[in-house]
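These notes open a run of structures that come right after.
The two complexes that follow have chain A in common; it is paired with chain B in the first and with chain C in the second.
Moving on, here comes the complex of A and B:
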């Protein structure tokens, strides 16, 4: 009844040789992909999902090897195939799309040329027809004005545009199997939707099979026929997309589903069953000076950047540049307020000015004009260079997006957490500092024995906790959270979001939560501001803005979130 | 007391890679790359000769004995004797201290001056960057060895001035490397975080930027050590800097050069070999030093 599958992975085991002996990254897994089928491999970091795909196209790095099992692709044994055979198969029979499209393209070659290279390599075009076929390929991935874009360099295109070029490259030779490894991570939701729609449509149209590797269960279920869930190198569950959402069998799948934020659930719903209710300690919040008016009031805030001078290179060299262009307004006259004890969500796609705004609010960047009133005082008037010495510094803190990048690789966790206290705190003396550090570690749920470790000896979730402990070390009034969970797995994200909410109630802080993930914003925020091109499109209570949006742009953002089949 | 800390998934603890001691790490680095082990061994030998050399040598490196002048290598004189009958082996070993000290002093000096100037240029930018950049450009505009010759000739013939001259000609290299490394870290997350913690700009420079560019600077220092030794020997070779009869590799090669034609090759060969070995050792050491001091490599 069944035709033989296009790709058949049996009992595959992949080992990596490391300093501490061999590690099995993939343990005896079976996956098959039928002709024309779209299969998602879902799992968190370290689950072995990428390694599996690398083993299929045989691009494992040198320390890794297939220890056991077989991979057969339309009858060809990929494990035993020679390197020459593999070169022929890659690109022509199986092609891949990687996570970072900009890194996958040659930065100094025109995108049209790069498509031509692939066509010529696999003899799909001759010198005479290459250009025409490349433009045709660009047209197919719906790049507007393909004739012009043929001559564009990757840096001249947006992230979504680059990913389309990569798709064009991957599909140029009409392969039978497309492996997409986190193709939309790092792209905005509206771009993600466009890219995913495009991939699914193009592959269906050609009867191709697709493997989508993702950490996002919602994305997998919305776009794929079948979902394979992996955990720690093992396949724990395989089922139809609708089926897996209705009746998840394995406890890990259930945990993963529960941790994925969706409409109509509370923050606590994200945690695994049996977790204690949070927020019970609200009564212990330290009494803060009530103060009059809002904690933060922003009025007509503007940040301008000069645009590079126009004109040709030679004209500029000769000093004959045309008169400088209008400065670029990254933030264009916005105004809002943050009440005491409130969480304000700042939402928008990349380039909308939300990061610039948060950098101005935490006084790392000077505004061009406008006022930032913190507790009635215009802190925008204090230059960013001198703000470190201001008494307001300790009252505004921040949690950064990338927990790895925001920790000094040469500081231990303890030293990182204590840094603000050493500079601005009142606590002196080794024992007292250590005690405060352990108290903070307990508050954020970081095991005390990890305090002496360096960042590279900590996991992503642990590093995020160190960053949070550092931000709350001085008991600030306002904490700016810049996508604090964007780099974390969903199950870790669930715990960190609950931790943040719990800390807020416990310590009575206000949050500004900067994010592109509307589902997360819905859970955590009281009020929401939607930004686009430096301006506020819509603001109001979270229920209003995300439940019954008025602005067309907000509606567009909301519909772009992948909705799993109900 | 804290509900959230109790739901810490066991996996979070499991994920964290275990820490490694420095000694175990050093063992791994050497085991992974035997060349590094060889370079470290050679370095230990040079260090030993520099510290204890003058007490270990069989003859007084300055004592001449015209009766046994220009004798080839033998059991009594391993490297032979020179035109004044001095034992070349003793002189080669004794010279290690001087050559090594000149190299260490000049590298330390240029590391402090060039490194700091470069870090400031990269971190503060603006006129500091312009100033440091122009100074480096000016130095680079000269043929470097000729510049070193000029500096020693102008300042006077002394070991101190060789150190200064060697440091100056290496300045652009250190300033440029330090500038580039500081510049990419200027806007790094951990620097911003430290700014939020109330660190002044100078403190950011010294506690956040400098420690993180040490690995690359350590490699740089190891590589310039060899170059500094060569430079000092070169200056002595042409008669600047160290003066005879002080045992010094450059002078010894210069003195021995005239005897090569007449067949007494050993007079120039062995000091030259010592020089080559030292330079070779420091060049090999560079990679090993990087592996050792980089915390990222420690798991």
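Moving on, here comes the complex of A and C:
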């Protein structure tokens, strides 16, 4: 650390003007990044990690401003620099990669043209050479057939491919510093690994410095030299990646580390020290209606989607079009069972058919063929649009992925929780409904005084609790959980996972837990099914499948999880 | 692209059939008796009955409908009783006048509204944003006949800059050879500068009147749509990669923001085309709007039916054009063809 750092942030304070006065999003932080160094900024939502990076390249939105402190980048004062100077620095000296790569690209401009725009802006190419250089940039991020991809629009590319384009865009002008803001959030584990490996390789090759902004401590530790932990706008700890895992100093870092699911932990280990043990006085599962056999038995389940017909309209009109292609099989003949009181994990990457499967089991979607036996009855034979009227509806409920999007913004928490009861007409009368609602709120640990609030007045964790309370309102036998914690911070996820486990013990339900996070599945599930391209690759107990996988694909998934240094 | 057009055309067939039936029925339930109107106040009941049977109005409705449709298939919209001419000839004469006025009005409106909306969004909360709000509110709250009369009063009566508001062309000039029916275009085709200037000076005031009225929806839509796009992730990416603000706003934001604006433009255009009766009245403009209103007052069926049908077909054609434009702007739409 003798040479002056490439980026030196000192005493930086960023303020936002809001309706309720000025809010400090970043409070007097110091961060420095050396030449060729990779630094992670880790924190949960609202920690100010993204705002810090926006302040560095000065793309804060209108309401935000740097109130105090200095940012110097290889001797240039970025806070005081003119807009024209900043424009030359952005993209040429400092570039950014964002999360949600598809939205980060202009939807109606060819990706090649978007790379050209940057090259031309920074005079790295002339009109004559731009195309060639853009294709070269695509080649460098290992996009297959870059000549063709030049003419592709973002919607024609997969998420991982779009992220590669964004990386190509960011690295096109060979900047000295790359800021990657949650570059792999929302991507599958194997894609995440490929993208991260690519970023690290390309930046090392060029001797670039990198700032990786992430909420995932494991990812930070696996790929970075140094880790900066932020909480509520302050830097609470800065240390070497290996060091921070071995000896976390600050209580917040410890809490964050504890909450990150890892191999060899139990669910309760995720909670901070001194938290009440789950299932207090576990008046264990009230005996459910006894029934023979498994609760759910799925046999040879298939879902097909027709492919769009080929050929132009005129050709089709003339009857000259080719025959429509074979229908696409999203779910291709799978079979499994769920025992009473069991949690079954459904694992796979995007497009593997796990969501289609969960929609069919929940009877929101009709299967093409196969049987779904629930408590011995073939509920697959009841059409999805009439299932709401079936007595089975109340016995199968669902918790959805995004706690915000799955709540009606015009309903209070109470109305949302009571929604299934009102529709199924189990309880009548205002007082009785309110009593039941309060009982449910207590079950899921939602303070009763929050029941009159609207979703936008609740935090992410509280909204997740409302979603769970709604799902258990009718005492279902089976709850299908579709990535219920994917949108939550790790510490909130820890609490929600414990809550789910606790509820299962108390109410004796069965769960189907759909997730792409193998570490979470390992903690919560008794048995696991691994899916790929609509088929089951492997199934068995969680220990077997995730501890000693047999299928090559499961092994691949497991190795793709970032492993922090031990 | 062709298949997209083909598919859109197919979906318009039912709506055109619907329009034919509805206009026929609507004109029949209108109050007023055509035969009595044309026979004059002093006519005897026998004379009225005679006219009625001559017009075929004594036939049952289904029979009338069949004869209407079979004439329609041959391209015959019937004869106007007020002008004594074939409705097709009347419309062919008057539609270009309306189209020219509306098009020019819309062009003026776009030339002001699009930059104003974009600037208002880029400098949100500045004086230009407030100006945008004032212009839009004023434009939409002043009735067109009022702005029209005000313009005539100021520019013709007081300043004397504009010619008398009496139709499309000075009575002493002769129309250029008809090519498109749009005088501005035809005079240019004929290379007749004097006629062009005269036609322009006649059309300017009514076109501005229309433009003032249609400013509001276009400005507001442009501003809202620009604001949404400027907050999008890809604009952030463009900024973070150092693109100039001209590139970011012009190429990245504006083209994306145009999608909803194009839809609004189509709606405003078709609305103006049929609804600018008041402007046509104020400026003695021989357009279709005033033609239809006069026919309506006289219970003259044929022109009304012809007018509504023409408008419906124009509307369908316009929507098709917008769909094609959408496909040009947005590659995602092109895929669905």
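The rule is short, and it goes like this: the second predicted complex is superposed on the first by the 548 of 566 C-alpha atoms of A that agree within 3 Å, B and C clash if a C-alpha of one lies under 4 Å from a C-alpha of the other, contacts with A are read in each partner's own complex, and residues count from 1 in each chain.
Everything that follows uses one rule, which is that a contact is a pair of C-beta atoms (placed from the backbone, for glycine too) under 8 Å apart; a residue touches a chain by one contact, two chains touch by 3 or more.
Everything numeric here is computed off the predicted structure, so don't read it as measured data.
When the shared chain is aligned, no partner comes close enough to touch A:504: not chain B, not chain C. In the superposition on chain A, A:516 contacts neither chain B nor chain C. The partner that reaches more residues of chain A, of the two candidates chain B and chain C, is B.
Touch criterion met: A:87 reaches chain C, while chain B stays clear of it. In the superposition on chain A, no contact is made by A:527 with either chain B or chain C. Within the superposed three-chain model, A:495 lies in touch with chain B and out of touch with chain C [touch as defined at top]. Within the superposed three-chain model, A:149 lies out of touch with both chain B and chain C [touch as defined at top].
In the superposition on chain A, contact is made by A:118 with chain C only, not with chain B. Looking at the shared chain after the overlay, A:193 reaches neither chain B nor chain C. Shared contact residues of chain A, touching chain B in one structure and chain C in the other, are absent. Contact residues on chain C toward chain A in their complex (touch as defined above): 2-4, 6-7, 124, 231-234, 236-244, 247, 251-252, 255-256, 329-332, 335, 337.
Here chain B touches chain A in the complex through residues 1-9, 12-13, 15-19, 28, 188-190, 192-201, 203, 207-208, 211-212, 295-296, 298-299, going by the rule given at the top. Residue ranges on chain A touching chain B, taken from their complex, read 19, 46, 271-272, 275-278, 280-281, 362, 364, 385, 388-389, 393-394, 396-398, 400-402, 405-411, 419-420, 423-424, 442-447, 450, 453-454, 456-459, 461-462, 467, 470-471, 491-492, 495, 498-499, 502.
Against chain C, in their complex, chain A makes its touches with residues 57, 59, 61-62, 86-92, 95-96, 98, 100, 103-109, 117-118, 121-122, 153, 155, 166, 169-170, 312-314, 316-317.
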